[in-house]
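Both complexes below contain chain A, partnered by chain B and then by chain C.
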Partner chain A sequence: MTWYLVALSLGALAAIAGATLPRRVRVPVAAALGALGCAVSLVAAVGDLIDGRTILVHSDRLLPFSGVSLTLDPLAALFVVLSSLVGVAACLYLVGYAHGPSASRSAVSIFMVFVLALSVVPLASNIVSFMFAWELMALSSLLLIVTDQAQRPKARSAALWYAAMTQAGAVSITLGLLLCASRAPGQSFVDIAASSSTLSATTRTAAFVLVLLGFASKAGAVPLHVWLPKAHPEAPSPVSALMSSAMVSMGVYGIVRVGGDLLHGGTVGWWVAVAALGIVSAVYGALHATTASDFKRLLAFSTIDIMGLSLIGVGAAGVLEDSGMHADATLAMMAALLLLVAHAAFKGALFLGAGSVERATGTRNLDRLGGLVHTMPTTSVVVALSAGAIMAVPTLSGFSSEWLLLQGLLHGFTDTSTPVVIVMLLGVVALALTGGLTAVAFVKAFGIGFLGQPRSAGARDSREVSRWMGWGSALLVLPSLVLGLVPGLVVSLINRAADTGLGGVATTPVSTGAGLALSQLRGAIEPAALLGALVGVMVVLALAARTLGQRRARRVDAWGCGREEQTPRMQYTATSFAEPLQRVFADVLRPQMDVEVTHAVESRYFQQSLTYHHRIADVVEVRAYRPVFGVVHRVGVLARRLQNGSIHRYLAFGFVALLVVVVVLA
Partner chain B sequence: MNTAYVSALDVTAGLVLFAAVMTLWRRGVRTIVSILGVQGLSLSAVALVLAIHEHDTALLVTGGLVLVLKGIVIPGLLLRASRLDPKSRETRPLVNVPASLVAAAVLIVLSYVVSARITSLAPSDATRLVPLGMATILVGYFMLVTRRRAVSKIVGLILVDNGIGLVAYLLTSGVPFIVELGSSIDVLLVVVVLQFLMVSMGRHSDVDVLTERRELRD
Partner chain C sequence: MNRVALSVCTSVLQLALVGVGSLVLLGLMAKVKARAEGRVGSPVVQPLRDIRKLLTKERLHARHSSVVLALAPMVITASAAVAVGISPIIGTHPVLGQSADIFVIVYLLLTGSVASALAGLDPATAFGGMGASRAMTIGALAEPALLVAVIALSVQAGTSNLPGIVSSTASHPAWVFGPVHLFALGALLIVVLAETGRIPVDNPATHLELTMVHEAMVLEYAGPELALVTLGEAMRLGLLFSLVANLFLPWGVATGDSLGALAIACAALVAKTTTLALVVALIEVRSAKLRLFRLPELLAGGFVLSVLAVVMGLVIR
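Take a look at the complex of A and B:
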């Protein structure tokens, strides 16, 4: 634990440095301290995960009620690894990124507080410490959205949404945790876990539902996701990366910690609900990701998608555990956790890459990009590999985790109880459907944004903005490669974390090695061998072509349907690429399209100009949230009649109240 | 001796309420302030009568304090404030004068009804008069609500305070001296602050009619 305390102190120092140092050295020094702190906790957490230790630190000072309590068990260690990993990359990236308002004292020091809070949340092991770290994480990220871009109306409204949702969630989590602790002798998670079986079934379910609402909203599960596609794109890019990779994962962490560890699994209904949330989120997120043309908005929706998949894994694990299939349950839980780690790396890299693109071109609208592969090679490689990982291309991390999830779900069919079969079946369908939709979304993002010809002056004149930004984002590609090529190396670590999440009974459903091989069930993959074979075949083919085929390459213009001159406007755009899918799913997406035609004065047969407007609103927001706002607004208007600013009226209220009290009491 | 005490108490406490009703009746701002002074004097007389009867030195000092503060200082300050516009009158109260007097009658009846239980706790010559204090509070509050002039509103506030003072003297033979001192100084402070506000408001606009001011929130 000493190393964690060193890491936490470094993080605190970074925040202080950000708040006190003069402008020129502020960002490098704070970022170096922050990155160092994250690196220390990363190494320490990996070490403890390998040893499988559980470490406890308690101090009665620092916080009121029950003091600070930090515990590092394998589950916590895994999430510390996850958040420190993204933390290192984001701190390095910040060196190149921060200038102007995002390099101000408040912005830099709050950023460091956010990084620090992210690695404290999984360590906290009593209600007060947990909620303190949780709120620190939520509030610092909220401030980061507004400190940087308060002048943009979109950022302000996004921050408002985020503030409302996250605070409502925090209230719900607090109530749920207090309910869990109602029979416990203290507030620590150990006490709660020991006493939770004495609670009545209704109390436990109520507690879980409250906690689930809060955590699911943080994880962006539909229908509590509304804030996410607004807040994540509007935040400064390193903050988006941290929010969309590490912070959302904490939502899943909370569900596993409370549901699996503190309440010992509960009933099957809980996990069916979790899986249902996951299924809806996965499909909804993927669908919106395919049609979004704002790069960061696309990434935000794909976060909802991946969090959905991970919730499917967690839900399936709970359902399987309930029906006694422990090995299968562990497999599903491992898949969910591996997916979270993989997602943190590739989504972090993608958001950092999107930030570089936005900096370089001045836009994140894919319809205005193109050709970046020539002008921004580092960013292009980072985005290409991470997009490959998210599309589950074999040999990259998304593939191994989704393969594990699919194995867990498929083997669950051996059980015959109805809820298990339904969850597994819908889970497999959702996984398959989102796999396809995600592929469309990221082929679009990379194909339209990075390939082809530039569609705007910004894209044409772009170049890599800073080496630090390149290195920061490139760092997050490494985990995608490692988890993709040799997933067997980390399987035992994930396995320990999954055991903790499921209540501590150890099983090893996946044997260690380079690839993944299920030990008790059938199924194995060897991505490294696959890559080797692929490279081998390509080398052989290349050699064969070189020796047998035509040697000279012939350069000709691309075929342009008979037109001589070809302009960038003749390419597919992100919107047109997604149009067929948008048509297929029109009932869910409800797109609004307007075509404005201005005719030439001479004849109506000729058009002078043609404008196409296209907007996809969030159906859940429009149908579920707006009516509630309408009611609140109407109540507010009514209340304003009471509150009209006339001093006579206010005095009259007091007088009438006095008379009423006097009459009632008499 | 005893009948003299009871009569003195009746007269002085009755004068407090009578003065309160008078402020509703009269329209001239200077007149209203003068009536307030009379009420302050009557209130101090109540305290002094009680002090002499109970041989209570602290109450005697309190009575003296009230005499100076509510009988002389505060009405003096208000008179100076109203001198800004010597002819100012409460021309258009939110509730007109006859209706106000009827309302005052209702409020007096109401205070007799609600005070019955308080009086029955410890019936004595003094507590018998608690309804007068209660009525003064309600009439004062009524004035505060229905009059438009800033000076009238301040007078209403002081009427409420006087009513509270009267109830306190009659029920408990006076609150501890330090409390009385504190609350008196509070009232003085309020009057000074309001006077200051009124003067600065008067500089911004010609009249100190509060009806037109809708945006006091900002």
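Take a look at the complex of A and C:
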């Protein structure tokens, strides 16, 4: 634990350095301290995960009521690894990224507080410490959305949405945790876990539903996701990377910690609900990601998709555990956790890459990008590999984790109880549906954004970003390669964390080795061998081409079908690329299109100008949230009638209120 | 004969058989279509001759293309070749057969599709984008049906390992006539038509850019790279045909470790895939190409069939 205290102190020092140092040295010093702190906690957490130990630290001093309580068990260690990993990369990236308002005292020091809070949340082990860290994480990220772009109305609106949703969520989580602790002697997680079985079934369910609402909203589960596609794209890119990889994972962490660890699993209904949230989120997120043309909005929707898949894993684990299939439950939980770690790395890299693109071209609208592979080679490779990982290309990390998820779901089919089978069936269907849609989304992101010819002056004049930004994002490609090629090396660590999440009974459903092999049933993948085979075939093909006397290709004009000139505007754009799918799923997506035609003065048969507007609103927001706002607004307008500024009226209100109180109490 | 040598032998035979055989299958289907339409048609070995001709030509790249255009044919062919090498096509013990999971094969095929879509977008032409967009749309709708249909079979067999599924189906012949197999077969046939770009989904013989799907995507390829793309796509077709044949009629696939069984398996595979090719060619002759926006109905039909196959498996057990 000493190392964590060192890491936390380094993080705190980074925040102080950001707030006090002069402008010239502020960013490098703060980022170096922050990156060092994250690196220390990363190494320490990996070490503790390998040893599998549990460490407690308690201090009565730092916080009122209960003091600070930190516990490091394998589940917490895994999430510390996850958030410190992204933290190191984001800090390095910040060195190149921060300038102007994003290098101000407040921006840098709040950034460091956010990084620090992300690694404290999984460690906190009593209600006060947990909620303190949780709120620190939420509020610092909220401030970061507006620090450098408070003037932009979109950022302000996004921050407002985020503030409302995250605070409502925090209230819900606090109430739920207090309900969990209602029979406990203290409010530490150990006390809660020891006493939670004495609670009545209704109380436990109520507590779980309350925490689930809060955590699911943080994880971006549909229908509580509406803030996510607004806030994640609007935040500065290193912040988006942290929010969309580490912070959303904390939502899933919370569900596993409270549902699996503190409340010992509960009833099957809880986990069916979790899996249902996951299924809806996965499909809805993937569908919106295919049609988004804002690069960062696309990434935000794909976060909803992957969080959905991970919730399917958690839900399936809970359901299977409930029907006594502990080994299969562990498998599903491991899949969910591996997917979270893999996602943190590739989504972090993608958001950092999108930030580099935005910095280099001035836009993140894919319709105005193109040809970046020629001007920004490093960023292109980072985005291509991470997109490959998210598309589950074999030998990259998304593949091994989704394979594990599929195995967990397949094994669940051997159970005979109806809820289990239905969850497994719908989970498999969601996994299959999102696979193809994710491929469309990321072929679009890379193919339109980075290949072809530039579609705007910004894209044409782009240059590769600074080395710090390149290294920061490239660092996050490593986990995608390691988890993809040799998943067997880390699977025992994930296994420990999954055991903690399921109440501590140890099983090993996956045997260790370089690849993944199930220990009970026939099923294995050897990604390293697959890569060897793929590379082998390609080398043979290249050698064959050489022996056939192939030389450099001659450059010629592309096939123009009789046209003389080819301009970049003739290329497909992101919007046109996604148009067929948008038409297929028009009933769900409800795209709005307006065409305005201005006719020439001389004749109606000629058009002077033509404008085309195209928008896909979030159906859930329009249908479920807007009506509520309408009602609240009308009530507010009505309430205003009570106030006309007359002192006599207010005195009368006071008198009536007093009377009512007296009558009620009497 | 020892196990390793036999595995290598199986994989090499599979690669050779599918590599050459799938091109012949393409020629055969073209021939059957031509005859059915009252034409003489080109010889059955025409695709092989085309490949030989293309290999002698010059490499040409579009002016604005990047390294993606040059790499994609290698990725398409390598992913198809690895999938062919490890799948149970003539024997259930190919090299890396233990990791020939359905998920691996489906995502290897997806890797090939992604590579060709990116190659379509790379030269910055309208046709390439059009083809890539359409091909990815069709792929996104066909892939779930493929995955779920094979999952239906793997739930029944208790493993998602393809050689495992084939050998358990071979030892439970009654399964083949059960509802799971019938529904999954319906779904897989639709997927095969979509993934290999046959009528009613796409017309492999089209020469009008606006109606092309796959051809529009590879329009910029010429010479040896076009040969590689054609070979890779043919191998994908050969792989899908052989998988459908072996998953639904597993007899003849070598499960033991003798060379004789492999020889019989080769003959059985030729017979099965030729029959399937004839069926597909007749479907192509008898039907018209669907409008692009009618395709989702067909593919959703395939998806529903595959989900029904899983449900059937759960109901009848």
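Simple rule for what comes next: the second predicted complex is superposed on the first by the 623 of 666 C-alpha atoms of A that agree within 3 Å, B and C clash if a C-alpha of one lies under 4 Å from a C-alpha of the other, contacts with A are read in each partner's own complex, and residues count from 1 in each chain.
FYI, contacts are C-beta pairs under 8 Å (C-beta built on N, C-alpha and C of every residue); 3 or more make two chains touch, one makes a residue touch a chain.
Since we're looking at a predicted model, the values are computed, not measured.
Enquirer: Based on the superposed arrangement, let me know which partner A:R555 touches: chain B (first), chain C (second), both, or neither?
Expert: In the superposition, A:R555 contacts chain C only.
Enquirer: Quick one: is A:A617 in contact with chain B, with chain C, with both, or with neither? Answer first, second, both or neither.
Expert: Neither partner.
Enquirer: If we overlay the two complexes on their shared chain A, which of chain B and chain C does A:A164 touch? Say first, second, both or neither.
Expert: neither
Enquirer: If you stack the two complexes on chain A, which partner ends up touching A:G515: first (chain B), second (chain C), both, or neither?
Expert: After superposing on A, A:G515 lies in contact with chain C but is clear of chain B.
Enquirer: Give one of first, second, both or neither to describe whether A:G447 is in contact with chain B, with chain C, with both, or with none.
Expert: In the superposed model, A:G447 contacts chain C only, not chain B.
Enquirer: With both complexes overlaid on chain A, does A:G645 touch chain B (first), chain C (second), both or neither?
Expert: First partner only, chain B.
Enquirer: In the superposed arrangement, does chain B or chain C reach more residues of chain A?
Expert: For chain A, the partner with the higher number of touched residues is C.
Enquirer: Where on chain A do the contacts from chain B and from chain C line up?
Expert: After superposing on chain A, no chain A residue contacts both chain B and chain C.
Enquirer: Give every residue of chain A touching chain C within the complex, in rising order.
Expert: Touching chain C: residues 290, 370-371, 373-374, 391-394, 399, 402-403, 406-407, 410, 413-414, 421, 425, 428-429, 431-433, 435-437, 439-440, 443-444, 446-448, 451-453, 515, 517, 521-526, 529-530, 533-535, 537-538, 541-542, 545, 548, 550-561, 566, 568, 570-572, 576-581, 583-584 of chain A.
Enquirer: What residues of chain B sit close enough to touch chain A in their complex?
Expert: Residues in contact with chain A: 94, 110-111, 113-114, 116-117, 138, 141-142, 144-146, 148, 153, 210-211, 213-217.
Enquirer: Would you mind writing out the residues of chain C in touch with chain A in their complex?
Expert: Checking each residue of chain C against chain A gives 55, 58-68, 70, 74-75, 77-79, 81-82, 85-86, 95-96, 98-99, 101, 103-104, 106-108, 110-111, 113-114, 117-118, 120-130, 132-134, 136-137, 139-144, 147-148, 151, 154-155, 158-161, 164, 209, 219-220, 224, 228, 292-293, 296, 307, 310-311, 313-314.
Enquirer: Could you pull out which chain A residues touch chain B in their complex?
Expert: Chain A residues touching chain B: 644-648, 651-652, 654-655, 658-659, 662-663, 665-666.
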